[in-house]
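So that we are looking at the same thing, I have put the structure below in structure tokens.
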Amino acid sequence: VKLSEQLLQDNADVWRTWLPHPFTQSVADGSLPREVFLRWLAQDFRFVSEGLRFLAVLLGKAPAELVDPLAGTIHAWNSELTLFRAEAQRAGADLAARPLFVTQAYADFLLAVAHREAFAIGWAVLFGVERSYHDAWRWAREHAVSDNPYRAWIDNWGSDGFGAFVEGLASRLDALAPGLDDATRSRLDERFAETARFEVHFWEMAWRGELFAVPK
Amino acid sequence: VKLSEQLLQDNADVWRTWLPHPFTQSVADGSLPREVFLRWLAQDFRFVSEGLRFLAVLLGKAPAELVDPLAGTIHAWNSELTLFRAEAQRAGADLAARPLFVTQAYADFLLAVAHREAFAIGWAVLFGVERSYHDAWRWAREHAVSDNPYRAWIDNWGSDGFGAFVEGLASRLDALAPGLDDATRSRLDERFAETARFEVHFWEMAWRGELFAVPK
Amino acid sequence: VKLSEQLLQDNADVWRTWLPHPFTQSVADGSLPREVFLRWLAQDFRFVSEGLRFLAVLLGKAPAELVDPLAGTIHAWNSELTLFRAEAQRAGADLAARPLFVTQAYADFLLAVAHREAFAIGWAVLFGVERSYHDAWRWAREHAVSDNPYRAWIDNWGSDGFGAFVEGLASRLDALAPGLDDATRSRLDERFAETARFEVHFWEMAWRGELFAVPK
Amino acid sequence: VKLSEQLLQDNADVWRTWLPHPFTQSVADGSLPREVFLRWLAQDFRFVSEGLRFLAVLLGKAPAELVDPLAGTIHAWNSELTLFRAEAQRAGADLAARPLFVTQAYADFLLAVAHREAFAIGWAVLFGVERSYHDAWRWAREHAVSDNPYRAWIDNWGSDGFGAFVEGLASRLDALAPGLDDATRSRLDERFAETARFEVHFWEMAWRGELFAVPK
């Protein structure tokens, strides 16, 4: 079985805890509370802003054949920031809002992985982030009411085009797999599982707000 | 007011939420449940193991005058690992236990800070980590029953010698302060506040186990 | 005087040693030996390939307002690689040729600066690289014979559009200047001077081949 | 054949160009010109100061079993700086002298390798640096006149104890070898060859002064 498929199988129970998440469901049926939308917008903006640095650090040590895909992904994520800014202005969201705990911890996780781990592990995490995100928005696309107010977002990440991009990440991951020694593979499995976990926390945070407040 | 003191003032309410923490109290009175002790031992071992990498990355970009203190701190933390290993063998703790969420997130936070932020921010975070730790163990020392079973740990981090080391970190931080521009200072404040917060989560995790389980 | 101008003044004598360089002169008059052109093509391809990583690492720790310009520069450099590949195929150049000493040392210098130094120093070095390159090709543009066979390259880096891009780098550098403490400024001066020096070695290498052979 | 031995065989011709180097010979017979000694002292001090950062970055991503050896090496290199400072004071050397081109380029090479390449490549380079250095000083030890004025340096790096340390680096490199895929192995070979080359340039620079001046 391919590495990309093995990782999804190993973490299928985590995927099941949130797919579909109430956030995704209310995106699809158009009932997403405005407060939740604004929080998601601000936190995801921050996540993408920080995530760009993750991509950049990966590019800093990428094998030659992955330089172009990573440069392209940086370009794409940077363009998404423009989309966020435009929507924030229209909707009155505050993109300067401080990141909630999950947002910052997820971003720091990505950066730590990119700097510390072998390149293939960073790539596996990137695949996990994008695959998970695509799954969420594809579910929304498949269940979206007509005249859905979140059509632009749904089409951005739920489309077949984005799906093909995610498939490309999987193929390249599978091509890296034979070069992994046991220790690296084991570490890759752990870091991928953490990615799956952060995705759950991220949707929960978007839906409910600060999750991990300091106890008084 | 000195930067090191300002940071402590700004985060005094966070400190108050955990000082003294039930963990610390039960260390002092000797009632710490064995299961809790073993969990702490394994998780703190992992934290120090990963934290060594934080120190190392900081050394990689330290100004010349801080190379020697950082090299010394790496030596000290590495020696602590030997202490952990000896105690783990005596007590039957499993140091290969997987890190709980807080342990890994805290370690990744440190690594992300060291790589991404200006050096002074990493140094401020190091001060936060060590000051907080010293405060916990000093409280334990001041309230320890005679014939305390955790005397070696209490003396290691609660001693005046360790206190002087922490003071040294503060002095050097204060010496870096005049060179900080506004943006860096603001970022430093945020990252220090995150450190204070992770310390709370860390004691809670040591005391109660996994805090941030994925919801089923 | 602005920081960007001060740096150019301080290194004016280095600039004078190579502007115009025989390489640039023979580009302008069309007499560039084919062997020299092929060597330059392969070595500059390698330099840009590696330099992309320098940009990426800088992006990994850039202040928020410089994320977009850096992402744009990564996109531009990556596009240049396509130009190199197309020309290499047409001209029969071997882009897989091993980097000569100067090429690799220059690339490693950039990467070391990006990782180790404060962000502003990396930005100053980027300005040095691009300004120097623009100066070389602008000279060629101003002295180019009509029907020049290197028109595509000359227009790429010698154009007013590229000049405006370089001016943008200078403006942003000048905006970073007030935030620099003395130690960082002094270090920035040293690293900029090294950049100027590498540029000389680079043109010499392109023109003459391996410069720093190991003595037998 | 073991990886460590293969690397030495592949670069035996480079080793032969400098072993023994006039520097080493004049250390052994005590005729080293004072000016040369002072230059070496200042440049090697700088190299070790910067090299500490290379070790630190490697520690930042080392596999668990190599954390302790790297922490020990950092401790040792940092202690050597004390030796340099003491000798510089005695001999009147200026340790604040600016690094010559080779010194800085060698240090940047190390840092770039540590940050960019897979961990095993950084370890191979460390082996190359230390093995080469030991070979030079062991030659000096074997040919030293009695009452040699450089006895402290000769014993520091030419001793059997240092030789055993270098052997330890080789053993650990050989243990990493089976985990290397073809691309990483090929890259490791290139970086090791660059290390061998820098060693030649370093002795030449110590002996003759600035090698790669910018042409007027």
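The letters A, B, C and D name the chains in turn, as written, and every chain counts its residues from 1.
One rule holds for everything that comes next: a residue touches a chain if its C-beta (ideal position, glycine included) is under 8 Å from a C-beta of that chain, and two chains touch if they have at least 3 such contacts.
From a predicted model like this one, the values you see are computed outputs, not experimental measurements.
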{"item": "Over-half contact-pair match to C-D, picked out of the listed pairs B-C, A-B or A-C", "value": "A-B"}
{"item": "Winner on C-beta contact pairs when A-D is weighed against B-D", "value": "B-D"}
{"item": "Approximate Å spacing (C-alpha centroids) for the pair chain A, chain D", "value": "44"}
{"item": "Chain centre separation (chain A, chain B; CA means) in Å", "value": "30"}
{"item": "Gap in Å, rounded to a whole number, between the CA centres of chain D and chain B", "value": "35"}
{"item": "Contacts with 2+ other chains: residues of chain B", "value": "53, 57, 60-61, 111, 115-116"}
{"item": "Chain B contact footprint on chain A (complex, rising order)", "value": "14, 17, 53, 57, 98, 101, 104-105, 107-109, 111-113, 115-116, 190, 194, 197, 200-201, 204, 211-212, 214-216"}
{"item": "Chain D residues touching chain B - in the complex, by the definition given at the top", "value": "49, 52-53, 56-62, 64, 67-68, 70-72, 74-75, 78, 81, 111, 114"}
{"item": "Sites on chain D touched by chain A in the complex", "value": "60-61, 63, 115-119, 178-179, 181-184"}
